[in-house]
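Before anything else, here is the set of structures, which you'll find just below.
One chain, subunit A, links the two complexes that follow: it is found with subunit B in the first and with subunit C in the second.
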Partner chain A sequence: MDKLMADLKRQIIEQLNLKDLKPEDIGDDQPLFVEGLGLDSIDALELIVLLQQEYKIKLANAEEGQTVFRSVRTMAQYITERQAKTA
Partner chain B sequence: MYIRSASAISPQLSFQQMLDAPEGYTGDRLRCVEPDYTAMIDPKMIRRMSRIIKMGVSAAKDCLGKAGVEQPDAIITGTAYGCLADTEAFLSRMIGFKEELLNPTSFIQSTHNTVAAQIALLLKCHQYNNTYVHRGFSFENALLDAVTRLREGEGENALVGGVDEITDSSHRLLSRFGLYRANASTATLYETGEKGTMNGEGAVFLLLSANASSGDYAWLEGMHTFYKPATGEEVQKEMAGFLKNNNIAAEDIDLMICGDNGDTKNDKIYQQVRNESFAGVPYLRFKHYCGEYPTAGAFALWLGSHILKTGQLPADAEKLPAPPRKVLVHNHSLNIHHSLFLLSVC
Partner chain C sequence: MNITAACCIEDGKLLVDGQPRFSGKMAVADFLLNAYKHFGIDYPKYYKMDHLAQLGFLGAELLLQGRNIATEYGPEQVGVVFSNATASLDADLHYFATVKNIPSPAQFVYTLPNIVIGEISIRHQLKGENAFFVTEDFDPGFIHFFVEDLFAREKLKACVCGWVELLDERYKAVLYLVENKAGDLRFDISNINKIYKLTDGQVNG
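Moving on to the complex of A and B:
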């Protein structure tokens, strides 16, 4: 899980062009949107693409996004669960 | 119409620098001198902006700042190529992922009206917002829209811009048409008698106002465009008609700003016009400052406005007997899109 969260932090920075941030600046449980990293709806679309591109995971429905993209940890948990189901 | 302020991000650092020593280039393209954008744009917005958007937004903000205007009554831009880097980014991604994945930010930002839209978002400006994509008339039609709106009393002012960028891909593709000359130099651009020119780019914004103010750069007395003239004589006829409509004669012009770009075929038009219709009128060629691109007319207006405001010419230009009071700009893109602007001192 730690390795996956580290990968995700690097990928989020790259995908969203967050040049001023380093992976260690993003907390595992820090909210990604609004009061946390301050991401917005366009970033949410970018994260959906990131999941599909890097992990071949398509979000089953839009409502899932709110819980999946809450933090790096929730993203990592979602990826782990989905990969376990398809294994 | 009064030009209250003019700002550019171009291959020249500033007009002041041009008075000391204009920036020279070698090769087949000129590249804009870019400022530190973090001082001008919210870092949260910068991360999504490609180069042309940053250039456009910064030039627009600087232009408004110089005029002391926070909210323009209209934002109108002209661009021939649009946001090429973003277009390339999302198309490359689509191809790379077999048309299954679209990069949302690049896709959203790739449309031609992104610069005008981003300026509006930054200013929270809900006024008229439009973009013209008309090849070599893109900037001219944006300007015409602004002039028309102000004449009809649609607002006090209008922010008008011309923006185009070079990307490596666009330069490679345009080079295939033989438009550019390898190993060229801005120092000798007009003297080699060869085919081809140097590619250019820039983001220029002007704040137009229907009413005079104390700090105006210049008065835009008139403008005219004409399409695909068949002969040099037709060009001269159009120019004579333009002068007549503005009640002036060739002798009244103190300075012509001409769009020669070093390509012998297209420069012949300018030379014929100067020799036969404007003999003895001093002229200044400007493409060695900014390169050739479809919205270069905006750079010519920026240059003319600064010359009239300061009474000074770039260091490499021939000296005039007195500061110019009337400037005629003649520019054409590939001898297809011709534009004329008449500027007067305020």
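Moving on to the complex of A and C:
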């Protein structure tokens, strides 16, 4: 899980062009939107693309995104669960 | 009506009111990033903009530095009127390249040239009339007519005008501020042409 979260932080920075940030600046449980990293709705779409590109995972529905993209940890948990189901 | 400030960016040169402020021969992406850092601008969204938006944004930052123009005139009294030749073709091509795989939402949002006006308006809280015209060549006569009419009908008291053109590694931004206040440069076609040629080294200030 730790390696997956580290990978996700690096991928989020790259995908969202967050050039002022380093992976260690993003907390595992830090909210990604609004009061946390301050991501916006376009960033949310880019996170969906990231999941598809890097992990071949498609969100089942839009509502799911609100829980999945809460933090790096919730993203990692979701990826792990989905990969376990398809294994 | 006078032109009270000007910022020109072309071919590795950046001039404010005719004075060189930054230069460097490098790829457009590096130039736009290095200039942003050189002037100590703090606006993280800059990193997410496409090159056209970065070019216009950078020009507006330097054009309006030291001013709080929305407060001076009221947000609805300050407009933005831009033009260029290739619209958002640079962003269109980058977006098209992503379509082969998974289309990028972040690149899609820049596939309209007037997004640069939106970025500048958000940054400087401008809510006045705005327009982005696409013309084959730089057309100072048309811009002069259009902006003068907006002032005559009391729609605007100030206007950020400019030519903001970028495609691949070719770029040229000529931004100037038009206001109803004292200035050395009258807002007329001849002076717009002079500003447009500043980066050619033909006129200095």
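In the analysis below, the second predicted complex is superposed on the first by the 87 of 87 C-alpha atoms of A that agree within 3 Å, B and C clash if a C-alpha of one lies under 4 Å from a C-alpha of the other, contacts with A are read in each partner's own complex, and residues count from 1 in each chain.
Operating definition for what follows: contacts are C-beta pairs under 8 Å (C-beta built on N, C-alpha and C of every residue); 3 or more make two chains touch, one makes a residue touch a chain.
Note that the coordinates shown come from a computational prediction; the quantities given were computed from them, not determined experimentally.
Look at A:Leu18: by the touch rule set out above, it reaches both subunit B and subunit C.
Using the contact criterion defined above for the overlaid structures, shared-chain residue A:Lys3 touches neither subunit B nor subunit C, since it reaches no partner. In the superposition on chain A, A:Lys85 makes contact with neither subunit B nor subunit C. Within the superposed three-chain model, A:Glu46 lies in touch with subunit B and with subunit C [touch as defined at top]. Touched by subunit B in one complex and by subunit C in the other are residues 16-20, 42, 45-46, 49, 52-53 of subunit A. The touching residues of subunit A, counted against subunit B in their complex, run 16-20, 38, 42, 45-46, 49, 52-53.
Contact residues on subunit A toward subunit C in their complex (touch as defined above): 16-20, 42-43, 45-46, 49, 52-53.
Those residues of subunit B that touch subunit A in the complex are listed here as 43-44, 47-48, 97, 100-105, 108. Of all residues in subunit C, those touching subunit A in their complex are 44, 47-48, 101-102, 104-106, 109.
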